[in-house]
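First chain A sits with chain B, and in the next complex the same chain sits with chain C.
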Partner chain A sequence: MDVAEIISHHILDHDWGVTLSGFRIPVTTHTVTLLAVSLVLLLGLHWISLGRQSRAGRLLTTLMEEYVLFIRDGIVLPNMGKEGKTFLPYFCTLFLFVLCSALAGLIPNMKTATANISVTAALALCSGGLILYCGLKFHGIIGFLKGFIPSGTPGWLVPLIFPLEVVSMIIKVCVLAIRLFANMLSGHMVLICLLLIIFVVGQMHIAAGAGALLPAMGLELFMTCLELLVAFLQAYVFTLLTSIFAGSVIHTH
Partner chain B sequence: MEDLLKPDYGVLVLTVCNFLLLVYLLKKFAWNRIIGGLEKREQQIADDKKQAQDARSAAETIKRELDEKLSQISDEAARRMAEAVKIGETQKEQIISAAREQSERLLEQAKAQIEAEKNKALCEVRDEIARTAVLAASKVVQQQMNETSAKSVVDRVLEEIKAK
Partner chain C sequence: MLGPFTKQDHWEITTLGMEFAVSEALCTGVGYWLDKRWETFPWCLLAGAAAGFALGLYQIIRAAGKMTKQNINLKKAEQKDGRR
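So, the complex of A and B:
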């Protein structure tokens, strides 16, 4: 097994091969991780929302209220205005879902689901759907389409600008998916590569492998901490950009 | 490695369904309660703040009114004090003037009385002298003098008395 195969094996999604009447059910490592994350989030947040009187319950309730305030006052309201309050549950869920999916990869035997282009594309698709919904809800179909034409554009430029703006919006949504995927993937690739240093050097000489152990582990630890930071950062960026794009559709030129 | 960029549409659809279902369930079972509780508390804080502000403005109004009243009372007290002082001064002047007038009157009365007493005493003395003189004259007359010589003697004696 060469290095590329090892890296692919650790990063690529693995299909569990579940079929129902010949129809493939997409039960893969990443989808199972996502389902586990969803279940934990659902049960955990439901428990917190019940407002337990225990010390841990109160602490977690306060923590979640602070989190909601952060999403509402830091992301949704500044970018979408008061119209965005309706979508607060969506953004609260989005941030936690992206964050927990990324953090799940740091748990042994679990994978970072957001290092899968299909998963990030699905999330971007949901964000795209939200943007579309916002545009149609607040401006109607004509108003939404008009929003793609900047005010003051000469009539003869409209046929050129309109498709450009539409493509620009589609690209923005696609970039959401690619950014998250690339960041998560690259972090995990680096982590695996650092671990592989030990084995690659060890194949040359066992003593060299042992010598590379400590530096490689130190770097691994550093990169893991960095991955933690990146997980929070990417969850924030994904949520923030979604709200900005949705806000730009609600409050057109 | 090219599999990394190959989308798995099954995973994509499942993720979309998973995520949207999670949004719905979390909204129903968690976010509504958490956000509702948060908004309720924010509303309560806003109400408390408003109540506190109202109470503060009411207290400020009362303080302003009290200050105004206090200022009015101070002015009134100062005015009354000045008035009292003025009345006191007037009364003092009146009393002093009355006392002075009375003392002058008494002095005048005393003087008049003394003058009257003096005159009375003089008259009495004069009468006494005259009587004594008459008595003496009568005695002289009785002895050897006539009425004319007696009168001249009496007049001379009276002149001497007046000269004294």
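So, the complex of A and C:
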């Protein structure tokens, strides 16, 4: 295998699904990770919600309370106002899911599900649906459509501005998906490229490969720590931008 | 002169570059697809690229206008309250 093949093998999804009587069941590494993360979150959060009196139970309950308060006071209320309280469960789920999917990719033999454009597109579609729902709920169909026309726009410009605004909103949702996908994918590409430095240099001379071992591993460690930060940052950015866009639809003027 | 931006403004500014790139890529892609369909290469592609550029610019100008307006409203409210 050459370098390009190794990189693509590390990054791309692998389908090892089965075909049962003509019906294909797509089992891929990303779907398995996705299901594993969902299952762990469901069971873990259910266990926390039971309010166990053990030390770990109390600690996790306090941690979850702080987390929900952070999402409510740090993300939802400043951007969406009190109207956003209804959607707090969605934002809490979104943040935790994006974060855990990214963190799962740092576990050996697991992949980052959010490094797949289909997953991030599905998440962005959910966020787009929420934005649409907010607009329709708080303004009705006519009011929501009126919100696309900036105040003070001359009448003759409306047929030009309206489609531009609609496309802008669609692009905002696309950007959510592409940003998360690109950040996750590029992080993993950098990680594998840094590891490959050792083998590429080693092919020139074995001593050079041995010499490249320490710097490459140091960089690898640094990048892994950075990936940890990126996981939190991207979860925060995705949730925050969804709340900002939803807030801009709720408070149009 | 513009005053300090709000936290929301800062986050919106960070998305503007990518919004510009995505509008450009999306419109160019649509142009390319239309070219393939109607065999008009490269006219739809060029028109798509131009439309994408215009759309990206529109988004930036619109965001800047919105932020300026919010800032002016904030300053007016502050003056009304007697805050400086």
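By definition in this document, the second predicted complex is superposed on the first by the 251 of 253 C-alpha atoms of A that agree within 3 Å, B and C clash if a C-alpha of one lies under 4 Å from a C-alpha of the other, contacts with A are read in each partner's own complex, and residues count from 1 in each chain.
Assume a residue touches a chain if its C-beta (ideal position, glycine included) is under 8 Å from a C-beta of that chain, and two chains touch if they have at least 3 such contacts.
Everything numeric in this text was worked out from a predicted model, so none of it was measured.
Student: Please tell me, clash or fit, for chain B and chain C sharing chain A in the overlay.
Tutor: Because the two structures are overlaid on the shared chain, the partners are seen to fit without clashing.
Student: So, does A:F148 touch the first partner chain B, the second partner chain C, both, or neither?
Tutor: neither
Student: For A:F95, using the defined touch cut-off, is the partner it touches chain B, chain C, both, or neither? Pick first, second, both or neither.
Tutor: The answer is neither, since A:F95 touches no partner chain.
Student: Identify which of chain B and chain C touches the larger number of residues of chain A.
Tutor: B
Student: Once the two complexes are overlaid, how big is the angle at chain A between chain B and chain C (Cα centres, nearest 10°)?
Tutor: It works out to roughly 90 degrees.
Student: Report for A:F238: first if it touches chain B alone, second if chain C alone, otherwise both or neither.
Tutor: The answer is neither, since A:F238 touches no partner chain.
Student: Considering only touches as defined above, state whether A:S49 meets chain B (first), chain C (second), both or neither.
Tutor: After superposition on chain A, A:S49 lies in contact with chain B alone.
Student: Should A:C174 be classified as contacting the first partner (chain B), the second (chain C), both, or neither?
Tutor: After superposition on chain A, A:C174 lies in contact with chain C alone.
Student: Now for A:N79: first (chain B), second (chain C), both, or neither, which partner does it touch?
Tutor: In the superposition, A:N79 contacts chain C only.
Student: Figure out whether A:L69 sits in contact with chain B (first) or chain C (second), or with both, or with neither.
Tutor: So A:L69 only meets chain B here.
Student: In the overlaid three-chain picture, find the nearest pair of C-alpha atoms across chain B and chain C and give that distance in Å.
Tutor: Minimum C-alpha separation, chain B to chain C, in the superposed model is 13 Å.
Student: Contact residues on chain A for chain C in the complex?
Tutor: Touch list, chain A to chain C: 78-79, 150, 164, 167-168, 171-172, 174-175, 178-179, 237, 240-241, 244, 247.
Student: Looking at the complex, which residues from chain A come into contact with chain B?
Tutor: Chain A residues touching chain B: 4, 7-8, 11-13, 24-26, 28, 30-31, 34-35, 38, 41-42, 45-46, 48-51, 61, 64-65, 68-69, 88-90, 92-94, 97, 113, 116-119, 121-123, 125-126, 185.
Student: Taking the touch rule as given, give the residues of chain B at its contact with chain A in the complex, in rising order.
Tutor: 1, 3-16, 18-23, 25-27, 29-35, 37-38
Student: Using the touch definition from the top, list the residues of chain C that touch chain A in their complex.
Tutor: Against chain A, the touching part of chain C is residues 7-8, 11-12, 15, 18-19, 22-23, 26, 55, 58-59, 62, 65.
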